[in-house]
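Structure incoming, see below.
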Amino acid sequence: MSITEQEAAKGLTFQNEESTYLQAISQGLGEAMREDETVIQIGEDIGEFGGAFKVTKGLIDEFGEERVIDTPLSESGFIGAAVGAALMGLRPVVEVQYADFLSCGWDQIVNVAAKIHYRTGDPVPMVIRAPSGAGLRAGPFHSQSPEGWFAHVPGLKVVAPATPFDAKGLLRSAIEDPNPVIFFEHKYLYRRLKERLPREKYKIDIGRASVRRDGTDVSVITYGAMLYKALEAAKQLNTNGISVEVVDIRTINPLDKAAIIASVKKTGKVVIVTEDHYSFGVSAELAATINEGAFEYLDGPIERIAPPDTPIPYSPPLEDAYLPQVEEITTGITKLVAY
Amino acid sequence: MALSREQHFDMYYYLLLGRALEERLETLYKQGKIPGAIYQGRGQEACYVGSAYALEPGDVIAPTHRDMIAMLPRGMDIKLIVAQHLAKVTGPTKGRGEDNYLGDLSRGIFTTVSMLPDFYPVAAGAALAFKIQGESRVALAYCGEGATSRGDWHEALNFAAVKTLPVVFFVINNQFAFSTPAEKGMKIGNVANRASAYGMPGITVDGNDPIEVFEAVKRSVDLAREGQGPSLIEAKTLRMKGHAGHDRFTYAPSGLIEQWEEKDPINRFEILLRDEWQLNDEEKQQIEIEIQMKIDGAVAFAEASPLPDPNEVTKDVYH
Amino acid sequence: MALSREQHFDMYYYLLLGRALEERLETLYKQGKIPGAIYQGRGQEACYVGSAYALEPGDVIAPTHRDMIAMLPRGMDIKLIVAQHLAKVTGPTKGRGEDNYLGDLSRGIFTTVSMLPDFYPVAAGAALAFKIQGESRVALAYCGEGATSRGDWHEALNFAAVKTLPVVFFVINNQFAFSTPAEKGMKIGNVANRASAYGMPGITVDGNDPIEVFEAVKRSVDLAREGQGPSLIEAKTLRMKGHAGHDRFTYAPSGLIEQWEEKDPINRFEILLRDEWQLNDEEKQQIEIEIQMKIDGAVAFAEASPLPDPNEVTKDVYH
Amino acid sequence: MSITEQEAAKGLTFQNEESTYLQAISQGLGEAMREDETVIQIGEDIGEFGGAFKVTKGLIDEFGEERVIDTPLSESGFIGAAVGAALMGLRPVVEVQYADFLSCGWDQIVNVAAKIHYRTGDPVPMVIRAPSGAGLRAGPFHSQSPEGWFAHVPGLKVVAPATPFDAKGLLRSAIEDPNPVIFFEHKYLYRRLKERLPREKYKIDIGRASVRRDGTDVSVITYGAMLYKALEAAKQLNTNGISVEVVDIRTINPLDKAAIIASVKKTGKVVIVTEDHYSFGVSAELAATINEGAFEYLDGPIERIAPPDTPIPYSPPLEDAYLPQVEEITTGITKLVAY
């Protein structure tokens, strides 16, 4: 049963049209703005032009320049401005053109947005939307998956949906969250996925993983675009009689440790697949968490499959070699099953 | 805009309170009762009181490490200030934040961070919120001349100018950034000249004259409130102390401090009050006594306050 | 400083080469042979050729995404440029870097990054090295008017001014930053006016006139080389294409492109060459043929080149 | 045998005077500048004033303003400038006043300095010195240990010495390294340690751990100021008959995996102690690495002892509760030994 059906069973009815991942986000933004007039959009070229990926297209027509705010080229400035607006009671949703450019506003995110509540108790309800991820031949400065850095910042939440349904549901939660949330939209998925979304308002809780496929031999823990590689690997191995469980963590911080540990306790073997590069990143925390929570259940070493520790190369053969591929995952699982 | 006698006395009160409170914090620091650092605005009291006094209740300020005195005319409870320095749980950050990085949002005072001047964009964002919500409120952001070299300063001024936001950028040019003299931080003499890069008014005022500061800030605040957008105001003064409590300001050119002592903003203002507003010794003494009592009370409160419970360390990271 | 006939022809050659090379890249892009993006400087050729032509061999440039043409007068091998776009291992980054983020340090061309304008401070640092080492070299940094809003731009100009560094900051005001018109990026009309915030000369020139650009840049380069410090030059022009290959520039106000087509820098320069330097059709054709052959050769080279070996992905992260 | 004696055995002779950790760094800077005239210093207040912690005191007198360069308050600007100077053949050593302020130059570090060599092959020989670490009651903005973020940046090296001897030896290596190196100086140690340093030039290789104490029951993997807490815990437990091996990794990236794995293979049990906070940081990578390299040797779960995921609080009881303490380490080890 797919997640969509699961949720449908909870009484949602579905739109007739399918929506892409990108459309799901656009819908989520529009609906949030309609419901709550404190929600505003801030970013470069997001007004008339509709944003670098056209996610905000149309919002300015409905909500006007006052709530859909084009900014000068100044990530630190407009992220800081979003913090100020959030402190004054608005709910800003910031768009950076590529997740790579988050680095230009890093200090405002980690030292300002993330460190206010602990000291003052004041909420800082803001979302930063960041198109991340590789696969589009966009090279070292337009392909980054920087979620590992942000997960290591207390005070921030970090979200990375893999489906249209989750993208919209998590976006609604992020916008209603009283804390700063970094919302990674995988740009490779923007137009490659389609599904029917609920007509009704729904939210996905931040901090809740989803088991995308049940299995008994090995758990694959993953998120984002890698989910599809993992599912494909699981499908292929199924014909070999290997039963793979696939867990999509969906949010990186907070992490749904219970769901991860439960899966590993069931299977005893685990492969972690991330697009975040290998060392000192998300895969490391997943491995450490599993070691701590399920050590006695482990029937083999925790296997990490992640890109190498390099910038993200541009040329197709290099980028393909950089990204984890299905074969690497099937090989990893097969080896682990034989352990 | 002419200030009444009462308003003059009000400002005088805050000038004296600011100086006395900082002196007491210095004593506490020397007694080893402050685990962290102190940053003093001695000599700059006119900048703080003149500017903050030009605001209305709904307005907000974003002070930096040295600008605690600007909180006083906003009604900041000095008990909280002392408790913060003593790292007590009764401080506004419950002992989590350091030094002057404290505030009170209900009084429109941001609790800022050390990275300079990171709250310049934040203040612009507050002003953006005022504008969007159609509120007649203004934001006032502080920093020193040194901080104007940082990129966030530039991004904030440009953003505010383009969006015609109700924010006043107030730069205290106290001639030093830590040990760095202003001319090694920028090649131009007046920070205010930077305003033309953004298409906003830039004004230089005597930072040792509370009335001149007040009038300039009031004009800019009025402009901002009327929807005319941001201004940049530079107040010239001298930092009369070292950068922080441990810094003995050995690098001050000889004679400079003495020269500026003669321009002491409080002495100057007192002369004005005596000459024009009939301040007499008795009144002065009364004010001083009131201030001492208030500070004594705050120190007693802070000293009697408990330190935080170590179990609180992991609380409140998220809302 | 008067340019000879040969120098005029030289510039003419680079103008034509730049335009033709970009046109060919556009064709390759439309044929789906470029896996990434293209950013074209059509209409801005005078900015690039006029500025880069004012440099000497030891000087360095820091171009951005759109400024490939500035590399040509520096002697950049166009085979490398095409190979980079086709993601071939024979490109200067061996297929690792994207688009115009390429260079050749031996010719004084930095391989920059996408974050704008991150190489402004880097160029200032190169100039610092020249100054420290007593070398008579100059750095020239490029960016668009949009990038002047970013903090690194401010920090670079301030640093260079304070340190009196031999660097020229060259801003191409092409009226748009992606879809954002210049007046929504800054409130002032001329980027050059920002120079006064740093205490350096600021000059606005006609970005469609290679000679005017050349003369202004040459003056600034000479000043820098003589130890007089940095300058800011703004060249006004129009980006004649969309932001990138996929952008059809639908947001251009009607008539704007046509209006600027009449000011086409290459046509204008050609008229000058015909009127004053006896350019004739035959010579022109000769140059065009030479350029086409050169570009054909480069494309053939790039197309024949192999893609990188996937095993190379982990190489060269460290020296 | 202490590390100092080990090295002495290799033919070094020692100064009569003891040097603090801070003096060791000062000496290293001065000697590097004397030997190699391409070495320059860049930072705020580092000239006449000698820097916020006085590490560069005196350098300007010897080497002049041309090589000891005071800058305006602009971390991004002067870090970028250092990259440019490095590309032009100099070896800049940058000082930020506190490691916390590295965030203001983050983009120049991760997108510029770190990503040049992979694309161009050009060396970028620069060092960024960053006084890091807590314990001085300096609060959330003057106490950070941000090494986890930087370790997750391919193209950078990350070094964190714990002794005067190592500080000087690693600094010399960092300055001679053709890559950008982030050099974390633990400011709590600046004036608290003293030892005699070699008269001769010496270097410590980046990427080489040091076993600070031999033991057989449990390995403690640590670095920086936490080394001393670990050693104290080991000493205390020794009287209980528990033999603890203490490994100081010294450099975080590259990591001396061989030394870490060797120790764990010997003891079978491991406690990781870091000042970097718990989740998604250095301790996670250490745990994941050990799981991968020594899974079959592990006789118990890998235990991580690290600060909680919060900003670093100012007040002494909070800061003490935040930082790992000796008792927490002895408890962790004791529990693990009993596993």
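Note that the chains take the letters A, B, C and D in the order they are written out, and that residue 1 is the start of every chain.
Throughout what follows, contacts are C-beta pairs under 8 Å (C-beta built on N, C-alpha and C of every residue); 3 or more make two chains touch, one makes a residue touch a chain.
Please read these numbers as outputs of a predicted model, since none were measured by experiment.
Colleague: Could you tell me which chain lies farthest from chain D when each chain's centre is the average position of its Cα atoms?
Modeller: C
Colleague: How many angstrom between the C-alpha centroids of chain D and chain A?
Modeller: Here the centre of chain D sits 32 Å away from the centre of chain A.
Colleague: Approximately how many whole Å separate the CA-defined centres of chain B and chain C?
Modeller: 45
Colleague: So how far apart, in whole Å, are chain B and chain D when each is placed at the average of its C-alpha atoms?
Modeller: Distance between chain centres, rounded to whole Å: 37 Å.
Colleague: Averaging over Cα atoms per chain, report the distance between chain A and chain B in Å.
Modeller: 41
Colleague: So which bits of chain D are touching at least two other chains?
Modeller: As it turns out, chain D has residues touching two or more other chains at 72, 74, 76-77, 100, 103-104, 107, 111, 115, 118-119, 140-141, 154-155, 308-311, 313.
Colleague: What positions in chain C touch 2 or more of the other chains?
Modeller: Residues 93, 96-97, 101, 113-115, 149-152, 155, 158-159, 162, 184-186, 317 of chain C touch two or more partner chains.
Colleague: Does the chain-touch network form a line, ring, star, complete graph or other?
Modeller: Topology of touching chains reads as complete, every chain touching all others.
Colleague: Quick check on the complex: what are the chain A residues that touch chain C?
Modeller: Going through chain A, the ones touching chain C are 44-45, 48-49, 52, 70, 72-77, 100-101, 103-104, 137-142, 308-311, 313-318, 320-322.
Colleague: Which chain C residues qualify as touching chain A in the complex?
Modeller: 35-37, 87-89, 93, 95-99, 101, 113-116, 146-147, 149-151, 177-180, 184-186, 251, 307-314, 317
Colleague: Spell out the part of chain D that touches chain C in their complex, as residue ranges.
Modeller: Of all residues in chain D, those touching chain C are 40, 66-67, 69, 71-72, 74, 76-90, 92, 107-108, 111-112, 115-124, 154-155, 157, 178-179.
Colleague: Taking the touch rule as given, give the residues of chain A at its contact with chain D in the complex, in rising order.
Modeller: Touching chain D from chain A are residues 100, 103-104, 106-107, 110-111, 114-115, 118-119, 140-141, 148-149, 151-152, 154-155, 253, 255, 277, 279-285, 287-288, 291-292, 295-296, 298, 300-304, 308-311, 313.
Colleague: Mind listing the chain B positions that touch chain A in their complex?
Modeller: Per the stated touch rule, the residues are 60, 92-94, 96-97, 101, 103, 105, 110-111, 113-115, 118-133, 139, 151-152, 155-156, 158-159, 162-163, 316-319.
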